[in-house]
Amino acid sequence: MTNEELKAKLTGINSALTFEEGGQWLNVNVEPKDWLPFAKELRENPELNFDYMFCLTCVDWKTHLGMVYHLNSKNLKHIIVVKSKLDRNNPEIETISHIWRTAEFHEREVYDLFGVTFLHHPDLRRLLLTDEWVGWPLRKDYEDPVNMIKL
Amino acid sequence: MFEEVATTEQGDLVINVGPQHPSTHGVLHLIITLRGETIMKIEPHLGYIHRSIEKMCEGLTYRQFVYVTSKMDYLSSHINNHGCVLCVEKGLQLEVTPRAQVIRVLMDELTRIASHCLWWGALGMDVGALTPFFHAFREREMINVIMEETCGTRLTMNYMVPGGVMADLHSNFQKRVKQFIKDFKPKLIEYDDLLTNNSIFIERMKGVGILSKDDAVSYGCTGPTARGSGVSCDIRKWYPYEIYDKLNFEEVLETEGDSYSRYMVRVREFRQSLSILEQLIDNIPEGDFQTKTKAVLKLPKGEFYSKVETARGEFGVYIVAEGATNPYRIKFRSPGFSNLSALDHIARGQKIADMIAIMGSLDFVIPDIDR
Amino acid sequence: MWSLSSITDIVQTWLGSTFNPTIALLLQFVMAGLLVITLFAVLGLVLVFMERKVSAYMQVRIGPNRVGPRGYLQTAADTLKLLMKEGLVPAGADKFLFNLAPYVVMISAMLLMAPIAFAKDFQMWDLNIGVLYVSSVSSIAVIGILMAGWSSNNKYSLLGAMRSGAQIVSYELSAGLSIISIVILVGSLKISDIIASQQDGWWIFKGHIPAIIAFVIFLIAVTAETNRAPFDLAEAESELTAGFHTEYSGMRFALFFLAEYANIFIVCAIGATLFLGGWMPFHIGNLQAFNHIMDYIPSSIWFFGKTFFLIFVIMWFRWTFPRLRIDQLLNLEWKYLLPISMFNVLLVTIMAIMKWHF
Amino acid sequence: MFLKEYFKTIFGTVKSLLTGMRRTGYYFTHGKEIITQEYPNEYPVLADRFRGEVVMIHDEKNEHRCTGCSACEISCPNGTIKIISKFETGPDGKKKKAIDKFVYHLELCTFCNLCIEACPTSAIKMDQAFEHSVFDRSRLTKVLNKPGSKIMEGVE
């Protein structure tokens, strides 16, 4: 599917979506509260069939946190990037680990390093750091005088 | 059926496998709940070798960060570097000379063979046969010598730079690679004698740790792990980079989804990689090995994603650039991390000895998982 | 001609003429015990060194080559290291059983030395139920292993010990049955009788195919009984770190290690005695000249040569094969080895009754 | 045909196992296949590009080519190189920047070759020495320019 077709199709699902083009792939911005039903539709709609999530990450934009989901369809061979802006002080978004199982670990990693709370995640704990760790290391304002490597 | 009973009951044995355990190949820590010898639940604890490479890369320039990525999946460091330089080149819209492209592909395939060699030996060691390990290292050493001669180091080469490769091929390169291809082919038959056709080994691997096709996709498994389940996911075929679309090789697929088919995928990939080497080694085009680049690289504002096929699967580099000399945010999508998430699912209900065989067949490199 | 039996005779006559009979007997016991201990120490050093060299050559490397000339002193240095090492007892371990276990394993191995004929007329105790004694005493070792595994207060050790229990108990059966097939052919349990019956040819040659099958089964079963790869599930380095002796260190570990090699030696000695004629030289039918030359080789060399050949075969197994899984191991025993060896015993019995063997 | 299958499995197994044993047996009896290098006795042949440590090239007049531009310092991902510069008065009376000390922290170095690539005057190169173990960590911090050395004529 071309980007134009995808855009038409996605707008049909949720009219509140905004799109960014010009990058490598079609970028879709979605409100955090709309994310779960939208994700379900992306996975289950046979014309979209995004069955493979190859990247899930977060970017700290200093004003807000931006979740980035890279989705691919194995048989239809199209890729979209879904983005969602989260409040930096209280980042919360619904988990999608039951839709794409790989998200379970990736969400734990994002929780660990950015502090994004994934609602209804089956096992939201620190993954890489110790359970007692304070702070979210990949945020831009994180300072750790002991372990930080300054160049 | 084991999904439901995955709770700890009275009489269950909870054992720590790792962080120091002979078969976790590093510092992976698994908390395993056993009932008898049957696995009820596996809970990976990561981070023992977590160095926060993503954070480190935010402070490094586009030339420097390439090198750090060789320390992630140290067995396919060339291919990791390749993914990074591809991403930077995408941002700079750099064209790479044909010679550099061929050199990069040659190096990638040599790395893949070296990595699979080590995996083959280590898998043998996991199932209790120690001899294959040394035999595989002998072949790996030949590749290391080739690498050392051209790149200067043996494991973490930093040979790829944005715009090409760091140095031209050594004059011995072609001769040595041809010799290696000649030597390696009969060794593959020995490999078959020692493990592939060994009935104890087949017994250990067949029907163990079955990962279905849908699960493989859902868990984001890539590389030989997913191809063993019949998922076509070779980036070299799907999203060809460099000159892979001009090469004649097949994507190895097995359909069973058990440990043995994952094993067979990798063993058959030896031959595919050898055939790529054979196609290229006599056809290295003349020309520059590096495109001229500015001394200081600055990526324009934007987001760039590149993916390459490492020995373990799909390696993605996601760079968010703000126009500075260093990336604003960088994310490495490592194949091992996603493959590990499937471990709990496929090992449930198996014996503890199977878990070792499954881990061997998934081919983990712990720094790749932890980053 | 110089032989071990003449030395024992000289010693015995000297003791008998110097001391009164009771003290002479006691002194003989002490000397035999000391000899066994020395043999154990020497065997441990030699076999460990042999294992290292065999594995090294199979793995395209040299092996130990630094300590002493060509590395010959490597194992001695290792022993010295183990002796000086602190023997730790883990917290929560059953101290008494933990300390006892290596000795149980070791003593059962030592007891097995008694009926073995090392050379012509060189045997500690030629008891009339020699073979039965061997197969029953060798099962004691599993108690030591279970003790070690349970008392260590370590889950890996426990798993290893439980595996070992299941394994040794089941493989005892087919080992016993393959021994019985030779006993049937000989008609005696006495070791010296068994060796004497092979005067005109070893059982593996004159016992036809059933003897060969019994020999192969015996080799597999004893490999399993001594916890050697591919049946080393009790240790299973890549799964259970070191299985039942995970928590052992220092001298206690060395005892386990030594007992393992002593056990290999003993089972191979039994195998050599039953199937390859013990100290009997190799003879071919009526080739008198050849047989004569063979007779000149001392009987102890024949015995140790055969034993070490079998040990080499067992080492060869270890450095070639992957390890089996516990259920496959039991499958192999109960579905393959046991039915075949039972059928084989039947064949041997028919053969013995019909006098089909040579 | 249960029995036929049964025996087929046995023979297949035994055959495959014997094939494996033939392989290891071959290596056991063929000592010339051994690939061990007895390292301290047999010194390895190193490739000419081998990256052992960074050294500064000095010629016989004890002159080097380093201008102290600190391109290597900037290019290093680990902060391995510290250049301490001073100002020298040249023969024409002009003050000129020159290196006082080229400090190289071998313990931080990852041998990525980026400093050598970055150097505009080819003043440093990778040496082949690889036996770096020392008893005291401070000995890994090295000053690369030899005492009394100065910059070569004509290198800017």
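For reference, chains read A, B, C and D in written order, and residue numbers begin at 1 within each chain.
Definition applied: a contact is a pair of C-beta atoms (placed from the backbone, for glycine too) under 8 Å apart; a residue touches a chain by one contact, two chains touch by 3 or more.
Note that the coordinates shown come from a computational prediction; the quantities given were computed from them, not determined experimentally.
Counted by C-beta pairs in contact, the busier of A-B and C-D is A-B. Comparing each chain's Cα centroid with the centroid of every protein Cα atom identifies chain B as the most central.
The distance from the centre of subunit B to the centre of subunit D, with each centre set as the mean of the Cα atoms, comes to 25 Å.
Centres computed as Cα averages put subunit C at a distance of 51 Å from subunit D.
Separating the CA-averaged centres of subunit A and subunit C is a span of 63 Å. The set of subunit D residues touching two or more other chains comprises 17, 20, 23-24, 35, 77. Across the assembly, subunit A contributes 151 as residues in contact with two or more other chains.
In subunit B, the positions touching at least two other chains are 60, 131, 138, 194, 198, 200.
Considering their complex, residues 23-25, 27, 51-55, 57, 59-60, 68, 70, 74, 77, 81, 100-102, 104-106, 109, 113, 127-130, 137-138, 149-151 of subunit A touch subunit B. On subunit D, the positions that touch subunit C within their shared complex are 10, 17, 20-21, 23-25, 27-28, 31, 33-36, 38. Those residues of subunit B lying in contact with subunit D across their complex are 60-61, 63-65, 67-68, 131, 138, 141, 145, 148-153, 156, 158, 161, 166-167, 170, 190, 193-194, 197-200, 295. For subunit D in complex with subunit B, the residues that touch the partner chain are 12-13, 16-17, 19-20, 22-24, 35, 46-47, 49-51, 75-77, 110-114, 117-118, 126. Across the complex, subunit C meets subunit D through its residues 54, 57-62, 65, 316-317, 319-321, 336.
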